[in-house]
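Next come two complexes, and both contain chain A; in the first it sits with chain B, in the second with chain C.
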Partner chain A sequence: MAAIVAFILFGLGILVLVLRRDLVIKLLALGLVNAASILFLVSIGDRPGARAPIQGPGEMGILADPLPQALVLSAIVVNFAILALALVFVMILVERYHSTDSTRIEQEMAREIDEEETPCL
Partner chain B sequence: MPLILLPLLRFVFAILSISFARARKPFTIVSHLVDAALLSQLVLTLGRGIPELITVGGTPAGIGISMIGDQIGLTFAVLAWVLSVAVSAYTWRDQLRPYFFLLLNLLIGACYALSFTTDLFNAYLLFELSTLVSFLLVGYQRRPRQIWASLHYLVLSSLGMSIFLLGIGVVYAHCGCLDLAVLKTMLRASPGEPWMLLAGSLLVAGIAVKAGVFIFSLWLPSAHARAMPAVSALLSGLVIKMGVVGLFRLADVFPIHLTLIVLGAITGILGIIYAFNTHDIKKLLAFHTLSQIGYMLIGFGAATEVARLGALSYVVAHGLFKSLLFLTIGEAAARAGGSHLNTLIENRQNIPRGTRIALFIGVLGIIGLPLLAGFDAKAILEDGLPTMALRLIVILVSVGTVASFAKLSPVLFSRSTCRTDRSRILAYAWLGGGIILFWPLSLLLVSPAISLHALSAPHIVEALAVIAVGGSLYLLIRKKRFQLPSEIFRLETSPLIILVGFFLVYALMALGQ
Partner chain C sequence: MNKLRIRTVLAVGIISAFVVLVALAFASDQPVPADSQQYLARALGETGASNRVAGIYLNYRLLDTLLELLVFSVAVLGVRHYLQQSEGMSLPALSESEVLQTAVSFLSPLALLLCAFFAIFGHISPGGGFAAGVIAASGLLYVAIAHGMKATETRLNPWRLALAEKAILLLLLAFVLVPAAFGKIPLSDLLPKGTPGQLLSGGSILIYNILIAMKVFIGAWLVIAAFAQHRGEL
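So, the complex of A and B:
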């Protein structure tokens, strides 16, 4: 079930990434996409009734799989770093263009230096 | 041990380069010498027939993180070392902030580790590290266009890596391990499982975003064209090759040969069409990076031993001439006041002679002049292609390469009195020497019989004919400009195209099974 939810969230994230022009919302959508892939990893490591994977003396029973947990922790840290850095760059763009609208920023940049429109020899 | 030391020492040098910024130059020399010694040891071990293999922590295969110094890994690692030396020489006298060198060392370390790793999750982390570092390097000068290109790169790369992570999840759910060597044995025992299609297409689509495959890597033209020359050279010559090494390793495990051939053909042809139509020379080089990746994918997709060696040779050849081209065009653009063709032609007298000669060698290398790097590697690749159709695609892309580089001819033939900085000449000579001496050097990678066959008369005649046809094609259509869709490179459209690309990969894998 969680795996299906993860794939739905993933699709939703891409949809928002494509449809919304606001850079901050785009980054939130990217966060959703990343969170969906992490949820998928959590879902595959799920064992109902499992204990934490620390074996004490004389303890028996089902243990949770530690590998997906390690993967999830690493992925969360990486995605946090990516989102933080991307937001810093969005802030730099906003300071210059006073907008978070991606189309408007692109138009402003094209107006500043338009090398492509120079006729070729 | 060298497999671990190579990336680890680079990370140590990264910290040292920012902690003791004044001692940057001695640290740089020591780091290159240490890397050369470690790489030589690995090459000697491989020469004895058994590649160095290490599983970190001493745990059984499939649980611990494995690294292997095989032919593929070492080829990419040696390329990383060669390009890092060239970039160090190029930036020797530049007044750059210490954190540039921190990022540079981190990037080279990540590339070494990526070349050797056979663990999918380790690869994911290293891809993300290289993405973060490249993202900061592209936006290093903080110019708006660089920041925009950098952001585009980060968003698409992160999306690609999330797709890759889903693939890792599917693999782990069914096999319980992430080591490619163990996976290969498991998948051979039970081929044709339906989950394999989903896992393979997720992993391929995820890596393709990093590997310079046309419909996936739509961030590449702006990122490579907007970054500083030294950064563009590393991104184009090395960083996207890390995606390629990932695809090469996946081709050993999953049935993706047809997928690689089709993606290679699409990448090669579309890359050339866009390259021909652009007049910003840095962008032209970026589009050519895409088209040349096409050769490598076709070579590995063909699944013959000679084509595989040809693809590996082309990886090295492309790394050499594309880095040289980005470095020389970067310097030429700085002297001429812009990288647009018109600006370069108008101010060509400001381009130093040494830079122009190096640029000329780079152009001759990429268009495949006999005996130079591009020719040798392409000839080996063509020898290994099993069908005429694949050879025709390679020849078609080669003709397009010549036609699009012909527009640089006025820049190549002009007079100037300015001089190139000595450290830059060293970087150009290092890469240019590799392009000229590629044939004897390629004997380290391929057997003398295959290498000699590449120098046969039919190949030389074919290469000269390709140059003649490409030159004529340029003269015929040079004044025409075609309206090509530029919307696909926008931040709004590219995620959707990546999604479509994923379904294409899935369909191709289903077809190829």
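So, the complex of A and C:
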């Protein structure tokens, strides 16, 4: 069930990432894609009746697979790093072009390049 | 020693330690469990940590965790560098109510206490260095929201904190390279495993958790502080 939810969230995140033009919304969608990936990884480590993988010697019971959980930790830290840096770049773009619209920013950048390449008469 | 020289020494030290570590780690033939079921079967005896996840990421896959910390450090460096270059705003600080300030004086020590608990008991219960660091940074964020960024920064100098963050990473790298001096594989654990379930168990995992908690706390706080400074105030 959790894996299905993860796939739905992943698809939703990708759709928003592609279709919406607002850079901040795109970053939020990227966060959603990452959260969906984390949910999927944790869900594949689950087993029926499993507990969290914390168990001392002599204790009995089925434990969830600890390996995906250990990998997820890396995914969370890398996601934090990517989002923080991407947010800084979005802030720099917004300060320069006064818009969060990716198409408008691209047009402005293309216009600037054209102006630089056109020789002054 | 001037600021630039300290930074250069730290940067050269961190890069050199990583190069030596990766070279020695690839040269070694330390056996690692082939599949995740073996982790469940062997992790408790081999790592001494009741928390299997901590046993994996701070013992079997410690190199991954160190590189992950490097990614985190680079992100902190990048955020601070680019935000210092951009113009920024100078929005005035919003005055906070007395209710919030009183609540924060209760909540922030609790956050720091929870951070210490998660870092110290991370190998025998849920938690660990990463979660602990983020909790402590959140506690400091409460203080900054209630009392203002400037008041918080007068007590915590960002330059010194950035230096401490890099120094902790270097210390961590030096610590994992110590076994090489004794003719052992780097990243191998020299400390006794102890009795699983006890506080002093899991070999070096307790030390790693405390160092990682400090590093993540400082790093997360520096990112928050850089964004807040760019805006002007919180």
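Convention: the second predicted complex is superposed on the first by the 107 of 121 C-alpha atoms of A that agree within 3 Å, B and C clash if a C-alpha of one lies under 4 Å from a C-alpha of the other, contacts with A are read in each partner's own complex, and residues count from 1 in each chain.
FYI, contacts are C-beta pairs under 8 Å (C-beta built on N, C-alpha and C of every residue); 3 or more make two chains touch, one makes a residue touch a chain.
Note that the coordinates shown come from a computational prediction; the quantities given were computed from them, not determined experimentally.
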| item | value |
| --- | --- |
| Side-by-side fit of chain B and chain C on chain A, or clash | clash |
| Touching partner for A:67 - first (chain B), second (chain C), both, neither | both |
| Chain B versus chain C as contact partner of A:89, first or second or both or neither | both |
| Contacts of A:81 with chain B and chain C, given as first, second, both or neither | both |
| Partner chain in contact with A:55 - chain B first, chain C second, else both or neither | second |
| Touched partner set for A:107, first chain B, second chain C, both or neither | neither |
| Chain B versus chain C as contact partner of A:17, first or second or both or neither | first |
| Dominant toucher of chain A (residue count), chain B or chain C | B |
| Partner chain in contact with A:44 - chain B first, chain C second, else both or neither | first |
| Shared chain A surface residues [contacts with chain B and with chain C] | 67-68, 74, 78, 81-82, 85, 89, 92 |
| Chain B - residues contacting chain A, complex | 121, 124-125, 128, 131-132, 135-136, 139, 142, 144-145, 147-148, 150-151, 154-155, 158-159, 162-163, 165-166, 168-169, 172-173, 279-280, 338-342, 345, 410, 481, 490-493, 495-496, 499 |
| Chain A - residues contacting chain C, complex | 45, 52-57, 63, 65-70, 73-74, 76-78, 80-82, 84-85, 87-89, 91-92, 95 |
| Residues of chain A that touch chain B when the two form their complex | 6-7, 10, 14, 17-18, 21, 23, 26-27, 30, 33-34, 36-38, 40-41, 43-44, 67-68, 71, 74-75, 78-79, 81-82, 85-86, 89-90, 92-93, 96-97, 102-103, 105-106, 109, 112-113, 115-116, 118-121 |
| Footprint of chain A on chain C - complex, ascending | 36, 39-40, 43-44, 50-53, 55-57, 61, 64-65, 68-69, 71-72, 74-76, 78-79, 82-83, 86-87, 124-126, 128, 130, 196-197, 223, 227, 230 |
